[in-house]
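Let me give you the structure first, and then I'll get to my questions.
Note that the chains take the letters A, B, C and D in the order they are written out, and that residue 1 is the start of every chain.
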Amino acid sequence: MADHELRVGVIGVGLMGTDHAHRIARRLANARLVAVSDPDTARAQAVAGLYDGVRAIDDVLDLVDDDDVDAVVIASPGPVHEEQVLACLEAGKYTLCEKPLTTESASSLRLVRAERDRGKPLIQLGFMRRFDPEYVRMKELLSTGRLGRTLVVHNTHRNKDASDSFRSEMIVRDSLVHEVDVARFVFDEEIEEITVLSPAPSGHSPRGVVDPQVAIFRMTGGGVVTNEVFIRSQVGYEVRCEVVCERGTVIAGRPWGGLYSTAVGEADGSWGGAVPADFRARFARAYDLELQAWVDACHRGEVVGPSTWDGYAATAVCEAGLKSLATGAPVPVDLADVATLG
Amino acid sequence: MADHELRVGVIGVGLMGTDHAHRIARRLANARLVAVSDPDTARAQAVAGLYDGVRAIDDVLDLVDDDDVDAVVIASPGPVHEEQVLACLEAGKYTLCEKPLTTESASSLRLVRAERDRGKPLIQLGFMRRFDPEYVRMKELLSTGRLGRTLVVHNTHRNKDASDSFRSEMIVRDSLVHEVDVARFVFDEEIEEITVLSPAPSGHSPRGVVDPQVAIFRMTGGGVVTNEVFIRSQVGYEVRCEVVCERGTVIAGRPWGGLYSTAVGEADGSWGGAVPADFRARFARAYDLELQAWVDACHRGEVVGPSTWDGYAATAVCEAGLKSLATGAPVPVDLADVATLG
Amino acid sequence: MADHELRVGVIGVGLMGTDHAHRIARRLANARLVAVSDPDTARAQAVAGLYDGVRAIDDVLDLVDDDDVDAVVIASPGPVHEEQVLACLEAGKYTLCEKPLTTESASSLRLVRAERDRGKPLIQLGFMRRFDPEYVRMKELLSTGRLGRTLVVHNTHRNKDASDSFRSEMIVRDSLVHEVDVARFVFDEEIEEITVLSPAPSGHSPRGVVDPQVAIFRMTGGGVVTNEVFIRSQVGYEVRCEVVCERGTVIAGRPWGGLYSTAVGEADGSWGGAVPADFRARFARAYDLELQAWVDACHRGEVVGPSTWDGYAATAVCEAGLKSLATGAPVPVDLADVATLG
Amino acid sequence: MADHELRVGVIGVGLMGTDHAHRIARRLANARLVAVSDPDTARAQAVAGLYDGVRAIDDVLDLVDDDDVDAVVIASPGPVHEEQVLACLEAGKYTLCEKPLTTESASSLRLVRAERDRGKPLIQLGFMRRFDPEYVRMKELLSTGRLGRTLVVHNTHRNKDASDSFRSEMIVRDSLVHEVDVARFVFDEEIEEITVLSPAPSGHSPRGVVDPQVAIFRMTGGGVVTNEVFIRSQVGYEVRCEVVCERGTVIAGRPWGGLYSTAVGEADGSWGGAVPADFRARFARAYDLELQAWVDACHRGEVVGPSTWDGYAATAVCEAGLKSLATGAPVPVDLADVATLG
């Protein structure tokens, strides 16, 4: 490893990967962007060209094996994650893998096992909420025990809009999955049953798409989580978590914080502020902190944050959620027995 | 009817009835408290003695038939409501009946029919939320159509504490029933299915009592309502309603409005305010407005606000909710066919 | 006095008097509107005609002396208050006098003396803020002593707009006067010096009118109050009071409480609520509570709320404020010596 | 300059300098901490020892002249700033100088002139508020022109507590100075007159210390700014700015944003959150953004953010403020004529 800078290669330079590349190049301490790779090699070269001393490497696996790459960020589409994560494990490189770990629980479980077989954790999953300052403080407050046990959680997840190709299943896999991780994070428990209800859809939903959705989780300790996921809310990106405990409640993500103004409106005066336009505006800080925490942990030879197991569990819950979406009935979540993982 | 004052008799002078008696005597315009009645005649006499010119009448039915009583407030326990409401209908007197209309849907339906047979509505149900200024403004905003159709609602209903005799069933019948009415009010639709989930209870719940509860309603138009009801939250009385529409959302009852202070706390400084201690503090204004609206409507010869049908529907939903509480499974709500009511 | 209803006559049926007449007729308990009087006799007859059994009396002083009038509300213009209040004192009738008591401190002081000479207080001044629930709770919180002594106060007073005839002096007399009373109410002290600063005016101010204004009060105990008064803010009616104490702060009147919504806006989504359009919307409840408290006190034979002295002090401070408005320099407030009032 | 990392030396490793050193070493991109210097050489060595490859240099001026130091952060006490800034100018090194620029306006003006004489700006002043995300968004919103001209501003500046050695003058120089810069930043104008009022002090103030203080600024364009500065508020660190414009208002720094909880309190339940303990908690993010902006600008060969002129003007306003503190009367601010600066 370089004297004091972690040399990072980024796989996949779509929206998320490009953001991460820029973050590493321009905002993180003790890390340096050294390489990018993407099946769209022209795009990889364009991104590499934005920064001094960054190479575009045609073959993703070459990037993983490159001696000048200390650590890898995987921001490629979910279906190719298994092969890429396995390569990183074999190369013994610290890896930050964007969610999902993989798109099916079976392959995710294979990665959990492969990492355990190596004997040393290397993979951090990209559930950035766990690094958002409000979620962090909420978790800290819950951990003090002052509020007693957590009983019920209500998550709100609203997006401004989406293309017609964003179908009901993707709402479960790509949006609800964040609330799946939040529920597991808040309770420190697994989800043992999921129900996905289909309200009459908004007129802004394409024909056949269930949007909004309401999902119910039952936790292994008996807690209940209700979730509203609404991808075409037209308003903006609003993510909130209300935790109800035995002796108090906590809310993270109230949109009514922040800059406040009154102004002359159309019809009358109003007070308030702006709802963030998208997840990048809302969670920019969480991404920065997530990647910096990852870089710092790499320097210490550790892995922090969500693990491959968290990635596997999230995928398994969403699989059950997809079955429930089809029927509206509760579906149990069958997780591998941790004890038998080796 | 007296020249300009509605002469009101109050049946039942427990907590709620005593409040209403005082409200009529001291805070309402164009109404006068003239009589009270209660099986505990000593208590009735004590309450009557607080105000000039108020009689305690031993027999409830005598109060209803008294020529000096223009209108009746029923604040007795639910099980005796059927007989008392019937007496009011027979006497042709305007009546404000505290919820529940009756304790079973069959008897409630009998009252709906009895009122229709008389040909002229006389009964207003005591769902005071419909008169709370924030709920009123929320309903007005929804009615403008600017936000599009209502899709999903999340209700929060927390109480500070309750005696051990307040069992799981009472949480459904006495607490959740308010959210049942709110859901019907917000959507202008019936509830066609209810599910009551049983989270692992708070350590402050007596053995065998399910508290908090999470209830799910499906509306006839396909909307979904999630409800958290927590009677022993330890904190205070917190009632909130978040409505999610096609082009915007509304929240009524945010506790973080109102008087705000910072102060030197135990461990550190904090900002915030006080959660209302109970429903009387939170809804004092709603009760005033509810009763004044009733008095004003009586003067005009009208009935406003929730009807016997609203009382019947709420009771029927809670009956289904009790069945669901036992199993955790969805239970359909079977309402009488309005068309056949005559 | 009638058996249980206070028979009230209202003098002056402009905007404010008409509101009060309606309030007494339709919203107050144990009070009855029996007479109105106004120099515009046609208008008085029109208002009287809205309610059963209300007479229009041509001569104001006849109304005061009428045997069927138990108590009087004065809502006429300030310049005629002295004569009318004196008549009420002579007739020995309880009186609620809208602010200002009179338009000059000399005449106000004559009324203070006249009332003291009679030996029994009869007059309540119409500073309704003292009955607004948030100001009341703020005062209660300060009175507990938990926050220590009050040191500094910042008042915000914004109105949506005003006609061009509302000049700089009227901003002091009619708007700032409320903050004068708030400062005296919060500190329980007199104002000993006032400075009125003239910021460069808004483009919405007529030529020669100073709007907004910034006023500074020094209290007799050494406290300092800063006030922003802005009558043509274009947005709405916003009245706030922030009190800074030795061990904490309090804010009454945060506009960001209350009903909350998000919605699709012009350019982007936003969260927030509506600023009240005017003082009648903001303080409707305070007026109701003020008049009910007055009626209840009349029944008990007492006077509550702000007194003629409070009215005199407010007028004297505003007189000094007008001098300061002309120069921008601090002007001392010379109040009569209470001890010599007799 | 090194290939891609700015090599930074930090002068002064007290509280602020140590924070900055850590920030550069651990949180900033494209910068490296290479040297520290402090009269307390043992402390400098201790701080240097925390990071790999950082030298402690005994003589401050040696650090400035060191060939391996590309840029300098000055976090030493104000009285030694003039000599150090001059050395940086002579060495031609980009410099971030913590406020104050110097402790008297005469020496500050000498530095303004010295920098202009060199022909190329090198110095950024450490007014971090200008990099706080809320202040940035507020300024952006004002700059759109949608709210019209800025008319009046009210700043709130509260600190939890201070040692007895923090005297009245230091409240002006070290605390109010931030509001001086905010006023100039918000209006894009100079302050032409300052008044510092002395309310009766809090019981937590040492004998002879004026705390809280109320300061009034008049801007060159006629705007008025009121400021409350309270260093021993006991509660926490609360910094807020309310800007009143012709067609709307903006508030930055509302403490009631952020994480929200209810909990069982001493006497009753309450809602709210925690007030930040100190300026480092409140403005941690602003400091990060300030230093990253500085590093990025150095790489581009530019200077961004507040200038030596801003530092000079702030010092000159505070000098006038100290005179006003002694008398309570307005004191004009005499700034050098920019045109004659050469």
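Definition applied: a residue touches a chain if its C-beta (ideal position, glycine included) is under 8 Å from a C-beta of that chain, and two chains touch if they have at least 3 such contacts.
Just so you know, these numbers come straight off a predicted model, no measurement behind them.
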item	value
Neighbouring chains shared between chain B and chain D, ordered by label	A, C
Duplicate of the C-D contact set - from A-C, B-D or A-B, the pair where over half of the pairs recur	A-B
Centroid distance [mean C-alpha coordinates] between chain C and chain A, Å	56
Chain A-chain D separation of Cα centroids, rounded to whole Å	37
Euclidean distance of C-alpha centroids - chain A vs chain B, Å	43
Per-residue overlap in chain B, given as positions that touch at least 2 other chains	234-235, 247-249, 256, 260, 262-264
Chain C partner contacts - residues on chain B that touch it in the complex	3-4, 25-32, 52-53, 134, 137-138, 141, 146-147, 247-252, 254, 256-264, 285, 292, 296
List of chain B residues in touch with chain A within their complex	148-149, 151-152, 154, 156, 158, 197, 199-204, 212, 214, 216, 218, 221-224, 226, 228, 230, 233-235, 242, 244, 246-249
Chain B residues touching chain D - in the complex, by the definition given at the top	160, 234-236, 238, 255-256, 260, 262-264, 266, 268-275, 277
